[in-house]
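Right, one structure below, let's go through it.
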Amino acid sequence: MIRAIWRPACSIVLIEFLQQLVSGAAAGCVYAMVALGFVLIFKATGIVNFAQGELMMVGAFFGLTCVDIFHLPYWIGAILAVAAMAVFGMLLNRVLLRPLAGQSTLAIIMVTLGMSILLRASASVIWGPETVAFDSPFSRKSVTLAGLVLSQEHVAIIVATSLLVAGLFGFFRFTRIGIAMQATSENQLAAYYMGIPVRSIHALTWGIGAATAGIAGIMLAPVAFVHVNMGYLGLKAFPAAVLGGFGSIPGAIVGGLIIGIAESLAVLYLPEGFNNVAAYILLLLVLTLRPEGLFGVHTARRV
Amino acid sequence: MAALFEARGLAIHFGGIKAVDGISFTVDAGTIFTIIGPNGAGKTTIFNLVSRIYRPTAGTILLDGADITAIPAHHIARHGIARTFQNIELFDNRSVLQNIMVGQHVHIRTNVFAETLRLPSVIAAEVKMRRKVEEIIDFLRLAPYRDARVGGLPYGVRKMVELGRALACEPKLLLLDEPSSGLNVEETDDIGVLIGDIRDVLGITVLMVEHDMRLVSAVSDRVLAVNFGRQLALGTPAEVQRDQAVIAAYLGSG
Amino acid sequence: MDMKRSYRDDLRLFPGGGTMAAYAVLAAILLALPLVAGNYMLSQVTFVFINGTVAVGLMLLIGYTGQISLGHAAFFSVGAYVGAVLQIRGVPTLGALVAAGAVTGIVGVIVGLPALRMRGIYLAMATLAFAFIVEEVIVRWTSVTRGNRGLNIPDPVILGHKLSTGTDIYYLAFGVFVIVLLAVINILRGRTGRALAAILDSDIAAECMGINIALFKTIAFAVSAAATGLAGAVYGHKLGYISPEQFSIQLSVEFLMMVIIGGLGSLHGAVFGAIFVVVLPQAILLAKPLLPTRIAEQPILDTAAFGIIVILFVMFEPRGLNGYWVRMKAWFSLYPFYRRGMFKRGRIAAADLVKH
C-alpha cells in the first residue's frame, strides 16, 4: 500500500480489480467443482442432489482427519480423503438413492435435502460443531505476478480445477467407461440395451461426483476453514449449474466462474449485501430471460 | 352448407422436416370430416396445429370465418373447439365426474375471490354446470363409473370419459384423434354409432383422424387423405378409397 | 344402480351428518381448550395453528398443483414483517393482518410470474434464490426492519380488545387457521380447484379444455403465499419479536417436510404435518435422557430427526401420515374384512401425484 501512494490512481483501481478478479475466480472454481459433481450426477441419474455442498463439507473433514488427526503427509492425506469420498458417494447411492428410481422430482429433492441435514448432523456428532483451521502447503504464502500479489491458495484452487477439468475431459472423451457414461446420460434405456451396466455406471457417477465435491472441500478448507455449515456454500453451485444450462459440464464450469467473479466484483462496486445475493440475482435473471441457460438448447414439447 | 372450419395452406416445419406442408380443407357445419393417411403422414400434427399446441410455420385457420391462427392455446376451447387425444390425456387422479366437470371450465364465469367466499353465484354456477355434466354422463352411459378414479378404469371407458370431457366444452367443432385406437371391433362399431349421434343428435361438427377404414367409411361425410404432410386426395369416402395415389401410399409402392 | 341425489347435496361442505358432528365436537374442544389447558400446552397448539395455516397454503401449491417451493420461509417473513411494521406504525391489527396477507399474495404473484416458465427443479431453485434475496433485503433495509436487531411488536388490538395473553393469541391463531382452511377448501372444490388438479395431471389436456395455465399457476402461488404471509403475521404476534434469522432457508425446508410427512394432496395431511412438526421436538425432548450425550447435546437434533423421518416417509409411505389415517379409517369401516395391501394401487397414485 505504501508503494501505491505514488502510483497513478488508475493503476491502483486496475490492480484492485485484477486481484478481486483472481480471488473471485478462485471462489468460482470452488462453485464450479461443486456444480460439476452436481451436473454429472443429474445428467447420469436424473437425481438433483441438494446435498452436494454437504459432500464438499464431508470431503473437507475427511481431509482434515487424514492430515491433522492421522498425521499423514498432506498430499497422501488429500488423495486418501478424495478416494474415501468416492467410496462414500457410491455408498450413498446404494443405500439412499438407488431405491428412489422412478420417483417424483419432489420425492428426490426431499431425500437429498434430508440427506444434507443428516450429513450436517453426523459431521457435528463426529467432528464437533467447532470451526477448525486446516492448513495446506500453500497457506499464508503468496506469489507476485506482474505486480499482482496473489495468494497461493487461490492459485492452487485455480490450478487444481483446471487439472480436474482436463482429467474429466480426457476421461469422458477417451476412455471406454467415460464414453459409456456419456451414452447412459444421453439415453439410459438405449445404453442398457447396448449392454452397458447402467447400475454400475450410476455408482461410478456418484463416486466421481462425491470425489469432485471432496476435492472442492479440501481446496476450500485452507481459505474458509472447516465447519459443519460450510456446505451452505454449495447452494451457490445451483445458480452455477443453471447458468451453464443445467446439464452441461463446461457450462457448469463457466457458470461457477461467472458467479464467483460476479460476487467478488459486487464487493468492490456494489453496496454491501449484494455480494451475498449476486449468485441468486443472476440465477433469477437467467431463469426469467433464458431458462435453457447460457449454453443450453431450447427443446420443444411433445404430445 | 356453410363452412364452419377452414384451413388454408397450413404448414409446419421442424428444422428441415416438413411435417405438414401446405394443407387446405374446409369442414362444413354438421358434417363429419376425416383425415386419413399412413403412419407418420402428419395427421396428428394437423390436429396439434388446429388446437394450437404447435404454432404453424405458414397458413391460416378460420373458425366461423374468424381467424384463430394466432390465439393462445387456452382460448381455443372458448372459440368452440374441443379435442381428444390419441393416447388419452385424462386427469388420472380424479373421478369421472371431476374429469368431465373440467370440460365445463370455459362455461363457468366465477372468479377466485367469489369462490373463496362461496358466494351464492358460485353455487348457482356449480349447479348449472353439474346439470350439464349429468346430461353428458347419461348420453355416454357413464353413470356407473361416476365416482370412480379414472386412472383405474378400463381403456374403453377411459376413452368415453375423454369424449365426455370434450363434449362438456360444448364445442362447435369436436376433434377426435383416432377414436378407435385400442378398441375391439364391437367397441369400434359402438363408437361409430356414437359419433353419428354426436353429429345428428347434438349437432356438433366432427373433425377426426382415423386409421380404421371401416369406421371411416361408415361415418365420414368427407375424407382427406394425406401423406408426407401433403394432400393426396379429398372427397367422399368412396372416392378417396378409389384414388390411385391413396392406394399406392397405403400399399407402400408410392 | 346409480342413485343421483340433488346436486346441491354434493356441494355441501360435509358429506354426511356424522362427519359434521365430528368436526363440531373437534371445534368445541378447541374452543374450550384454554379453560383446561395450561399455558405451555396452549402455546404448542397455537403453533400447530400457525404451522397448519402455512401447511394448508403450501399444500395448495405443492400437493394440488405440483409446484415446488423452497421459498416459503420468505413469504412467512414478508407477512411477519408487514404485519409487525404496520402494527408498530399504529395500523389497526385487523388491517395489518389483511395487509400482511395481501402484500404477501402480491409478492407471491411476482415470484410466480417467472415461475410460470419453469417447473420442478428450476422452480425450486428460483424460489430458493428469492428466499435468499428476501432475507438479505430484510437484513439491509434497516430503516424499516431494524436489520439484525429485529423488531419488537406491540400487543395486537382487535375491536378494542387488547390481545395480551397466550389465550388471546391462541384464539387469533385459531381464527386465522379456520378462515384460511375454509378459503382453501372453497377454492379447491370450485372451478379454480378443478383447473389446478387438471394442470397437475396433464397440462396439455388442461390447456385444450381452455384452462389458462399461467393464470392458475399464478393464482396458486398468490393464494399459497397469502396464507403463509398471514401465518407469518400471527407468528410475529405470538412471539412479540421477529428478526431475520428466524426465517432461514432451513425453515423453508421444514415447511416442505411438514407437508411431505403429512401427506401430499390432502388437507388432512397438511394438518397432520403441522401437528407432527410441533410434537416431534417434544418427543425428542423426552427421549434425550435415553440418548448418548454426544448425540443428545447436538443443537440440530430436531432437524436431523426431521431429515431421517422425511427420508423414511418418502421411501416407505409416500402418502405420509394421511396414508395411515386413510388406512385406519378403512380398517374400522371394513372390519373384519380389511387386508394388507388393499391400497397398493393408491400408493402408486400418490407417488405419481407430483411427477413434474
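Letters A, B and C mark the chains in the order given here, with residues in each chain numbered from 1 onward.
The rule we apply is simple: a residue touches a chain if its C-beta (ideal position, glycine included) is under 8 Å from a C-beta of that chain, and two chains touch if they have at least 3 such contacts.
Note that the structure is a prediction, hence the values are computed from the model and not measured.
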item	value
Reference chain B; chain at largest CA-centroid distance	A
Chain whose Cα centroid lies nearest the overall Cα centroid	C
Distance from chain C to chain A - Cα centre to Cα centre, in angstrom	33
Between chain B and chain A, distance of the C-alpha-averaged centres to the nearest whole Å	50
Distance between chain centroids, defined by C-alpha means - chain B, chain C (Å)	40
Interface hub residues of chain C, defined as touching at least two other chains	204, 352-353
Interface hub residues of chain A, defined as touching at least two other chains	303
Residues within chain B bordering two or more other chains	53, 85, 89
Sites on chain B touched by chain C in the complex	51, 53, 72-78, 82-83, 85, 89-94, 98, 101-103, 105-106, 108, 110, 112, 115-118, 122-123, 125-127, 130-131, 134, 143-144, 146, 149, 151-152, 165, 169
Interface residues, chain C side, partner chain A - complex	62, 66, 68, 114, 117-118, 120-122, 124-126, 128-130, 132-133, 136, 139-140, 204, 249, 253, 256-257, 260, 264, 294-295, 298-301, 303-304, 306-308, 310-311, 314-315, 318, 351-356
Touch list for chain C against partner chain B, complex	1-2, 4, 7-8, 10-11, 183, 186-187, 190-192, 194-195, 197-198, 200-202, 204-213, 219, 223, 265, 345, 349, 352-353
Parts of chain A lying in touch with chain C, wherever the complex brings them together	48, 96, 99-100, 103-107, 109-111, 113-118, 120-121, 124-125, 129, 232, 235, 238-239, 242, 246, 271-273, 276-277, 279-281, 283-284, 287-288, 291, 301, 303
